[in-house]
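I'd like to ask some things about the structure below.
Labels for the chains are A, B and C, by order of writing; each one numbers its residues from 1.
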Amino acid sequence: MSEREETGTGSLFAAPGMPEQERMVEAILFASSEPVTVADLNARMPHGCDAAAALLLLRDRYRGRGVQVVRVGEAWAMRTAPDLGFLMQKETVELRKLSRAAIETLAIAAYHQPVTRAEIEEIRGVSVSRGTIDQLLELEWIRIGRRRMTPGRPVTFVVTQTFLDHFGLESARDLPGLKELRAAGLLENRPPPEAADDNRPDEDTQGGLFDDTPQQEDET
Amino acid sequence: MSEREETGTGSLFAAPGMPEQERMVEAILFASSEPVTVADLNARMPHGCDAAAALLLLRDRYRGRGVQVVRVGEAWAMRTAPDLGFLMQKETVELRKLSRAAIETLAIAAYHQPVTRAEIEEIRGVSVSRGTIDQLLELEWIRIGRRRMTPGRPVTFVVTQTFLDHFGLESARDLPGLKELRAAGLLENRPPPEAADDNRPDEDTQGGLFDDTPQQEDET
Amino acid sequence: MSDPDPQFDSVADRLAAEALIVDVDGFEGPLDLLLTLSRTQKVDLRQISVLALARQYLAFVEQAKALRIELAADYLVMAAWLAFLKSRLLLPPDPSDQGPSGDDLAAHLAFQLERLAAMRDCAAKLMARDRLGRDFFARGESEGMRRVRRVKYTATLLDLMQGYARIRTRDDFRPFVMDRTDVMTLEEALERMRGLIGYAGEWTDLLSYLPEGWGGDPKRRRSATASHFAASLELVKAGRIHLRQDDTFAPIQIRARDPHDV
């Protein structure tokens, strides 16, 4: 550190040439984890160097290249050229199964469209989270249909062409009915509930908690 | 992927010109701290690009600069010029001090690869502790190679791309003094003289595998 | 030992040898020690005198013994082997001997030493190279790759239909306890029979106690019969009734027990 004080009066060692200084700036900017100020560059380079001048040369050298020398506030850094940003993304597509809530909501929308959120909740027996609807909207499998002409004018949801394409359906009417589902073994063959048991609206909400026990394996 | 086949006959989208491809390679190498393989470059660049050719142009462009395009095994990376290391005190990472046993084991693995633990022990004349091998595996300087087709099917160790990168080697063939050692017969697996009397030619095949060791790295 | 020990010719050598002894723990085994000893010959390892080396090593082991330094077994094994090698090298070859010649053994030891020395040399060269993170550097700012994780959600028509089926059949489903309309529990039967038993002065068929609506459907009848039978056993145990069956599979009959019965 003591030599540094001598720079004012003239160092014993001549400063390296400009091309060499440019190399130094290049290496420092490249290896530094943060943008580097001119003062910092000068402090790290040998005495008598002119980092600011070397920086400008370096910036010109990289003009139009895949990497650029850019100013970040008071400091300098090297960055990939913005137009090549697309190369820096490695897209990995991850297939993920739709959640049970989303599938059920989607199914209700498909079978009952146009359907309001309140109706979906009534049929499912549990409330439908905002996220579930958003996800289906984002997937473009449902879209907002006409408002229902009832108090509050709630929006309705209908399935989209994208939905039909994805599931290979010509129209939502092609969805198999309950009878067909049962014939295909998709419905559990339980005896129809006894007449006496029918008037238990309070138990339906309870049923929601228990609902899917038998099919639980589906999600695993 | 079907479009790729069309490149032979002339793609709808012409590949970008060589200067542009060079920019792309530059940006990708610059942005990645790990070496990138040619295959990976080609996969990330638009169809019809020739990353290998662009790489050679890029390497020439950076020759003598503060940052270099270096080959690391089958991959390529940008690294600061070693002569500017003195500027980088700030970036220097504390290199873990390796025991003498670990250093020697590493050298043996590099020069004799693929090498079994028993062979390392024979060369060093002492048993190799589990921790020594573990340490080198953890540093990712060695990795487990193919099993040796000898009784017991012992695992072999080979050095890695990380090893080459760390020691600035283009390939395992560039290990210092490798040619001389081979010429002097010091890389041979010479069985002790007793073996000659026991008519155990099978042990000689072991030596055969040993000979072309450095090329083995090509497979990675 | 009849041979004079040449390595103790000078004081310097003697001191060196003693230093070795003190340092014995610092050696990585006999081969390492041999390599160090061979350095005192100050010649190319290819021209090393294995005989001299064997003598040096044996002298070293003798010294260690004299100083009561415990040597690890492998040092002693090497000493025994070197003593054998020494005798082979000194005696004229015995034509009837099957084993390898002393020269072969010596050549192999020399090879091992040279190979170890070469590896040490390589290790040093390797470590002295310009190294990543010390002499040259990777990109500091880990801009790296932005990994764009695109999550693609999938569902099949089957998922959809199963989901719908699940909802539509939910109303048919009742929690387990609610579902046991065809089951009569022991407690229920016991409760029933306690109330009725007072009227059973005569032997009556147990089955006649089944409640209305439980005698027709076989499932219900089975359950009710079983629970009533179990309940009757309870009542027998409690001393409330008598139980009898005339024959195998004959009707089971019960009768209230007269409190004055003995």
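A few comments on the model shown:
Convention: a residue touches a chain if its C-beta (ideal position, glycine included) is under 8 Å from a C-beta of that chain, and two chains touch if they have at least 3 such contacts.
All figures in this text were calculated on a predicted structure; none of them were measured in a lab.
When the partners of chain B are compared with those of chain C, the chains appearing in both lists are A. With every chain reduced to the mean of its CA atoms, the largest distance from chain C is reached by A.
With centres defined as mean CA coordinates, chain C is found 33 Å away from chain B.
Taking the mean of the C-alpha atoms as each chain's centre, chain A and chain C sit 40 Å apart.
In terms of their C-alpha centroids, the spacing between chain A and chain B amounts to 36 Å.
Shown for chain A are the residues that touch two or more other chains, namely 27, 30-33, 80, 88, 90. Looking at chain C, one finds that residues 137-140, 142-143, 145 touch two or more other chains. Across the complex, chain A meets chain B through its residues 22-28, 30-33, 44-45, 64-67, 78, 80-81, 84, 87-88, 90. If you check the complex, the residues on chain B that touch chain C are 30-34, 68, 77-82, 85, 88, 91-93, 95, 98, 100-101, 103-104, 106-108, 110-111, 123-126, 165-169, 175-177, 181, 184-186, 190, 192-194, 196-197. Per the touch definition, chain C reaches chain A in the complex via residues 137-143, 145-175, 178, 181.
The part of chain C that touches chain B in the complex is made up of residues 28-32, 74, 98-101, 104-105, 107-108, 111-112, 114-116, 118-123, 125-127, 129-140, 142-145.
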